[in-house]
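Got some structures for you, see below.
Look at the two complexes coming up: subunit A is in both, with subunit B in one and subunit C in the other.
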Partner chain A sequence: MKELSHITLSKNEIVKNGETTALPDGTFKEVARHIYDQLGISYPKFFKMDAPSKLAFLTSELLIKESTHSQELAGADVGLLFATKSGCMQSDIKHYESYVDDDNFFPSPAVFVYTLPNIMLGEVCIRHKIQGEATCLMMDKFDEKMVFKYSSDLINRENYRYCIAGWIDVLNDQFSAQLTLFGK
Partner chain B sequence: MDQREVYCIAHHMRSPLGDGALENYTAAMAGKSGIRLIDDPNFYPTPTVCSKFEDGWENELTLPSSEGLTALEKLCCLSIAQTLKQTPDLDLERTQLFLSTTKGNIGLLNGGKEIPNAVYLDQMGKSISQYFGLKRPCIVVSNACISGVSALLTAKRWIEMEEIDHAIVCGTDLAGKFIASGFHSFLAISDKPCKPYDKTRNGVSLGEGCATMILSKDKKENPVLKRSVKIAGGASSNDANHISGPSRTGQGLALAISKAMKGANLKADELSLISAHGTATSYNDEMESLAFDQLGLSHIPLNSIKGFFGHTLGAAGILESIMALHQVSDKRALPTLGLEEIGVSKDLNVSGESIALANDRFFLKTISGFGGTNAAIIFEIEKK
Partner chain C sequence: MEDLKETLKAEVIETLNLEDITPSDIQNDTILFGEELGLDSIDALELIVLLERKYDLVIANAEEGKTVFTSIDTMADFIESKKA
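Coming up: the complex of A and B.
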């Protein structure tokens, strides 16, 4: 198995394959919008996403940007493996606020749809037509070893061509992400 | 290295229909359903059908030294304890816990500044793992409705890779206001007990439950069935189409099923039963009929048992696999309760009556969920 590309996103910086790019200060929403604009893509679905989906989407885009593999991710032999601590907590709280008061009761499908931690994987699958396994694991801290082993099994034993794996976490403007593109 | 084989050496489940797999199976075979009308604004402002544990169930749980555990964690620990009783010699040093849940302790959200620790799904896993003194960290799989099968497949993978020798795989979810209000907002909750594959189906009935399987590299006789049970194959896939609506073609589910069949080296006609998802939403059931038709599986006896247990979310993949184990070993499929007149565009060998099964050996469990997820798992029961 090969590590074809690696990226980390944290407050104020992106580090991709050893190269650092600065990120501005701001709320997560503002930083996300900045990255989206910098990417120069047109993807209207982005604006409906909740924070983890935006983070997963943007980190994946940055990971494969300008790489030969970006056009080769469609298929049943490409998988995703994301780990997270906070998952969809922000959307959970938003949904909670919509139902907790019987006198101000307004649950909405646009919010509820994001109250599962694996939806952010779904968004990335849709974007790149990834049709293999897309599994979401809940962890306290990123267990890089575990995720590496899982990815290598998908590639070595199950013959996956690619696996995008790593950590996606955002809660109330605190965000951190790291993804690796694994290949044969 | 020689590929290890993975066996289900013990199992247990608990639902409103009973405590224990046999108790649940017997109740369902007798036509009992856990689904009832819940008229309680703490669940939903208007009366809603749901397969819910009795009021006050939390207070009935007796688990020694369990202070600090939430009711849901206690429920899991009790199920796991019942399963461990069936395998007293299990080497816990080589055992890991895999937890499947979509919302866990979400009912503890209180709108306060601090999010209760137990609401984090990793913490729920940690609490349960610690209760049994397991050294390895709990692996928590949260993959929408397919979580149960995802957890079984992840555990199987971990055993095959020789990371561990045994896995305790536990799946659970509760049906509270969080989920009820959400599904209602989707207009996806049926007004009456759900009717899988039926012409007049109009949504899911939610359900509560907890189900556990112990997987092992050791070929041991499953003590409840008195035969060994092997996981012959399995796979998951993504529709890559829509985050909440199922695919219109069934292609993703078909992919997972064919990968599973290939892995198990099985032909369609060897299958005794397909325990399908059958949530009774308009789109899901239709999608499944397309997937099964694509693969030439339309003639295989098929059912959905959501009419007995409701949709138990994180428990579903494991709970329904356990029920399928009992049905197949008995050579009798439970009826698809709620089905009166089939209303999907492709033929299915499905019925509102119990179906006699041709063999007691192989079954396929399929499942799909939000986020475009699909999974399939095949079990092989040892020849008598």
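Coming up: the complex of A and C.
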């Protein structure tokens, strides 16, 4: 198994394959919008996503940007493996607040659909037509060894061509992400 | 009626998170679930909730929903018809 590309995203910087790009200050929503604009893509569905999905989407886009592999991710032999601590907590809270008051009971379908932590993988799958294993792991801290081993199994034993694996976590305006594109 | 249509455009944009779209981008007869706005089934459910929350109106069935949510014009017509 080879590590084809690696990226980390944190409050004020993106580091991709050793190269650092600064990020402006701001709320997560503002920083996410900045990255989206910098990517120069047109994907209106992005604006309907919750924070974890936006972070997963953007980090994946940055990971494979300008890569020869970006056009080769479609298929049942490409997998996703994302670990997270906060999961979809923000959406869970937002959904709860929409129905807890009997006098103002208006649950939002658009919020409800994001009340599962693995939906962020679904958004990346839809974008790149990934049809292989898509697993969301809940962890207190990122267990890089375990995720590496799992990815290795997918590539070496299950004969996957690629696996995008790593950590996606955002709660309120605190966010961190790191993804690796593994291949043969 | 024109005020209601402008209000509806703003409400649709806000409710459906249509970023980078302004009310002037939506014509009164724009087909809401056509290619232009890229709305999906979840957006349809959101519009149903919008009508109930803001206008206290309930869509009776799927067929009525298809008619009501054709355009801003049809949404406004529906709201006005229920006021009478």
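In the analysis below, the second predicted complex is superposed on the first by the 184 of 184 C-alpha atoms of A that agree within 3 Å, B and C clash if a C-alpha of one lies under 4 Å from a C-alpha of the other, contacts with A are read in each partner's own complex, and residues count from 1 in each chain.
What we mean here is this: a contact is a pair of C-beta atoms (placed from the backbone, for glycine too) under 8 Å apart; a residue touches a chain by one contact, two chains touch by 3 or more.
Keep in mind it's a predicted model, so treat the numbers as computed, not measured.
Asks: For A:Pro109, using the defined touch cut-off, is the partner it touches subunit B, subunit C, both, or neither? Pick first, second, both or neither.
Replies: A:Pro109 sits against subunit B and subunit C alike.
Asks: Considering only the touch criterion stated at the top, classify A:Gly40 as touching first (subunit B), second (subunit C), both, or neither.
Replies: Neither subunit B nor subunit C is touched by A:Gly40.
Asks: Based on the superposed arrangement, let me know which partner A:Pro24 touches: subunit B (first), subunit C (second), both, or neither?
Replies: Touch partners of A:Pro24: none, neither subunit B nor subunit C.
Asks: Is A:Ile130 in contact with subunit B, with subunit C, with both, or with neither (first, second, both, neither)?
Replies: first
Asks: Quick check on the superposed pair: does A:Lys149 touch subunit B, subunit C, both, or neither? Answer first, second, both or neither.
Replies: In the superposition, A:Lys149 touches subunit B alone.
Asks: Just to be sure I follow: which residues of subunit A are touched by subunit B in one complex and then by subunit C in the other one?
Replies: Residues common to the subunit A contacts of subunit C and of subunit B are 107-109, 113, listed in rising order.
Asks: Using the touch rule from the top, collect the residues of subunit C that touch subunit A in their complex.
Replies: Touching subunit A: residues 16-19, 38, 42-43, 45-46, 49, 52-53 of subunit C.
Asks: Under the definition above, what is the set of subunit A residues touching subunit C in their complex?
Replies: Residue list for subunit A touching subunit C: 44-45, 47-48, 106-110, 113.
Asks: Can you tell me which positions in subunit B touch subunit A when the two form their complex?
Replies: Contact set of subunit B toward subunit A: 41, 45, 102-103, 106, 109, 111, 115, 119-123, 125-126, 137, 139-144, 150, 154, 157, 160-161, 163, 177-178, 181-186, 235-244, 252, 255, 259, 370-373.
Asks: What part of subunit A is in contact with subunit B in the complex they form?
Replies: 74, 76, 80, 85-87, 89, 92-93, 95-100, 102, 105, 107-109, 112-113, 115-119, 121-123, 125-126, 128-140, 143, 146, 149-150, 153, 157
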